[in-house]
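These notes open a run of structures that come right after.
Both of the next two complexes hold chain A, though its partner changes from chain B to chain C.
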Partner chain A sequence: MEPPAEMVHWMFATGLLLLGLCLLSEAIVGPEVWRARRWRAYLWPGLAFTMGVLMWPVMAFFTNSAIHMYAHGSWAEVLMLAGGAELGLVHGRLKSRWWRLTTPLAFAVTGTAFIVHEQNAWFFQRSAFLHHLLGWTFLGAAIVPLALVFRPRSTVLQSAFALTFVVVATMLYCDRDLAPVFGHLSPLAGVPHR
Partner chain B sequence: MSSTTIRSLPSARTRTGRSRRVQAVSLLGPLTMLAGLLWAIAQPYRITLLHPHGQGFWWLVVEPPLLVVAAGIAFALVVARPLLADLEELER
Partner chain C sequence: MKRLLLACVALALALPSSAWAHATLRATTPAFGHEVRTSPPLIRLHFDQHVKILPGAIEVLNDSGRNFAGPARTSGTDVIASVRKLPAGPYTVRWRAISADSHVVSGVWTFGLRVPAPSVQDAYGAGGPTVAEHLVRWVWFLSLALAIGALGFRLICLRGLALPLALERRLAVAAGLGVTVALQAGIAAFSLRSEDALQLPFSRFLYGDLSPMAVTRFGRAFIVMTLGFALVLALIYLAWLLDRTVFLVPAFALSLLFVSGLSLSGHDAVDPGSSWKSELADWVHISAASLWVGGLATLVGVVWYGAPDLRRVAFRRFSELATVAIALVLAAGVYLSIVRLPHLHDLWTVGYGRVLLVKIGLVSCVLAWGGFHKFVIAPALERADGAGFLTRIGRSLAGESLLGAAVLLVAAILVDSRPPAPAVKTAPVAAARR
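After this line comes the complex of A and B, so read on.
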């Protein structure tokens, strides 16, 4: 009764798309208007934390290998850490801006885990390509939340941060369990089902 | 007279900035829905509901273009609508 792995990617893509839209609208209206209603301030950190929690069943039920388990487990941990830190900052329990370093840490760990747990080459098949691309995207984009720690009110950085999630969501939507990428499909990958 | 004009300039600029923000926020949801719709038109085979016979539960529930449309609708109703109300209240 488990969904195919590609569907799990699509469901997480939907969560990331919503996260990106929330962050983008916060960047557009500014933090004062965004936090005019209390619940809205908790929205995206809560969404990030929830996605971290949901990553645990992914780790438990989609363990193809030990490296998959470590990758999904580390994502769950860093997503919960970044979401939790942001929740603490919004609530006022945490004061130091250095807690925001948990977000670039989450990006760096996510990027590394994506690259390390994909054992096939870029053009083996589409999911291999996307895992490499997602990994390098996260690693490269880690500079944005890192810069936001020092310039938290920069609209350009906030928008770039939001659009990163939209781009990542798009990549995850493109993921298939077995499909060619730019006409390449290794004969070792199997036969595409759709 | 000139001093009145000078004094009114910043508020007019602020109003324009706010209305641009209103436009931008109000477009996010519909643009997301449109992206999902265009995707569905470009790749109709990703919509399993169009050929449901013999499909399992997950293939009928999780359909990426529809997920994008659903995300757009959820954002527009749950996030954008109250946010626009707050922005417009600020404009008054």
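After this line comes the complex of A and C, so read on.
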């Protein structure tokens, strides 16, 4: 028995919120204070990598359409890639800063998957609105981790990066399987059942 | 307390589910893959939301393609079509509807009237494996062989040796690459098999319902293997990140365990004459072949040119491992050939036998080449120290591993072929139950 789709979105929203709060804390207190305890440096990349691993069950069990299977699969892979690359950098296994390009790549792939997967108009219903908004948010925000590759110590960029995850988590918390957006719901979408 | 909280968060994130908002088929009457005793008066599809119907929304096809369904109508979130009285036999139901999010969603399932339901892969209209499917399965075999071979080589052939850090990492990268490609190949194989069953152009296949495929043996094997190898990838990554070889032990064990998905979803699990012994033999055959071919590729690609100091010991130890692996491959292969082809003349009179004959020929060549390496090159290698000689051996090993890859290609075609039925031939749609 699968739980409703929105619940899975809330679970991943929780993960993304934790991730964003870790990054925000680091941006506020600075890397020197944040990394005074070594394990804290591993928190957000470790969380991203774990979420990537945990996205595979969603991909494998969700087979009621091919496009969602591909979307979930691509998110699993880019989350593991970006989290894994950042873990490698933190641990000293990887040296080149260019590995940080995996994060903007993950944002771009994630955003594209959201937009390609959603073929309805923005105001069809809430999930359609959120898909568009999430897709464009990820695509637009990809510029932030890209800029961080070149200016890794910028507090503004670090804060923007952290807040992106908080915003995305908020959007995912707003999701419902079938619900109006700003009071509008297409008659084709059916009747909200909860 | 901290650990408990972390465990709760991980568990909450792990719970899988369906996602997003287009119509999902929740139940059908008759159910997927069921055998019914009386002719069903109607076909009912129950969705999780309202859908619109299209002309010919439901088709009930017998094994010669005759449609028994009447016009479809909606009732709440159900789509219903009346059905004329059906004679006993296997049936394929094809449906399509406009989802609330305006996507055309489609699907297929099968049931049987007083006969076992055919697999959805054998639904009416499905064309069977294509060249693309053979190639994808080949890539799947190759990547699994690389993953298992690299892990096995590190843990068995290089055990107890002080390895340079760079070699350790290259071995982990080779295994990780194998698993990553295996995951992609698995997705591609599942998609191709589903596309054939659904008989839809790619644009509509994207919104096709794959649930009936997911409950076939192949679908279940795909799900279990995907989850298993995602875990293996994480373990290999941890071994690479932390320089802890200990993570490779569960990765190797899980790889060997989950590669059994190929056996459990193949002919040896379902064809006439199949038993737990044939499934076990197939698993031994695949595992040992993967260890042999993948280990050989690792010896050539990672050790031979990456760690020249280890050439002799690696060659000697792999030679011992390969002897055991080949013995297992041959023993299991001979047993499976007898089970699948009870008569010797089947080897040249039926398609499956002819492909098997090609495979036996190629395996014989690889065995001869491997025997030359073991009985001629290995003793010479202990004495020789010329760089030219060692380079030539490297090329020879590369040739043997390429031939091994060719064997895997034929194996991929063989797995997609169907062994001859031992008794009376039946209609294709009813013949196979996977």
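We adopt the following convention: the second predicted complex is superposed on the first by the 194 of 194 C-alpha atoms of A that agree within 3 Å, B and C clash if a C-alpha of one lies under 4 Å from a C-alpha of the other, contacts with A are read in each partner's own complex, and residues count from 1 in each chain.
Simple rule for what comes next: contacts are C-beta pairs under 8 Å (C-beta built on N, C-alpha and C of every residue); 3 or more make two chains touch, one makes a residue touch a chain.
Fair warning: this is a prediction, and the values are worked out from it, not measured in the lab.
Of the two partner chains placed around the shared chain by superposition, chain C is the only one that A:91 touches, whereas chain B remains out of contact. Using the contact criterion defined above for the overlaid structures, shared-chain residue A:62 touches chain C, although it does not reach chain B.
By the touch criterion defined above, A:53 lies against chain C but remains apart from chain B after alignment on the C-alpha atoms of chain A. In the superposition on chain A, A:173 makes contact with chain B only, not with chain C.
By the document's definition of touching, of the two partners only chain B reaches A:13; chain C does not. Touch criterion met: A:125 reaches chain C, while chain B stays clear of it. Within the superposed three-chain model, A:37 lies in touch with chain B and out of touch with chain C [touch as defined at top]. Between chain B and chain C, C contacts the larger number of chain A residues.
Of the two partner chains, chain B is the only one that A:28 touches; chain C does not reach it. Once both structures are placed on chain A, chain A residues 3-4, 7, 11, 14, 18 are touched by chain B and, in the other complex, by chain C.
Note for the complex: chain B touches chain A at residues 21, 24-25, 28-29, 32, 45, 57-58, 62, 64, 67-68, 70-71, 74-75, 79-80, 82-83, 86-87, 90.
Contact residues on chain C toward chain A in their complex (touch as defined above): 9-10, 12-22, 24-25, 49-50, 52, 77, 100-103, 105, 187, 191, 194, 205-211, 213-214, 219, 222-223, 226-227, 230-231, 233-234, 237, 240-242. Only residues 1, 3-4, 7, 10-11, 13-14, 17-18, 21-22, 24-25, 28-29, 33-34, 36-37, 40, 43, 173, 194 of chain A touch chain B when the two sit together in their complex. Chain A contributes residues 2-5, 7-9, 11-12, 14-15, 18, 49-51, 53-54, 56-70, 72-73, 76, 80, 84, 87-88, 91, 93, 117-120, 124-125, 127-128, 131, 177-178, 186, 188-191 to its touches with chain C in the complex.
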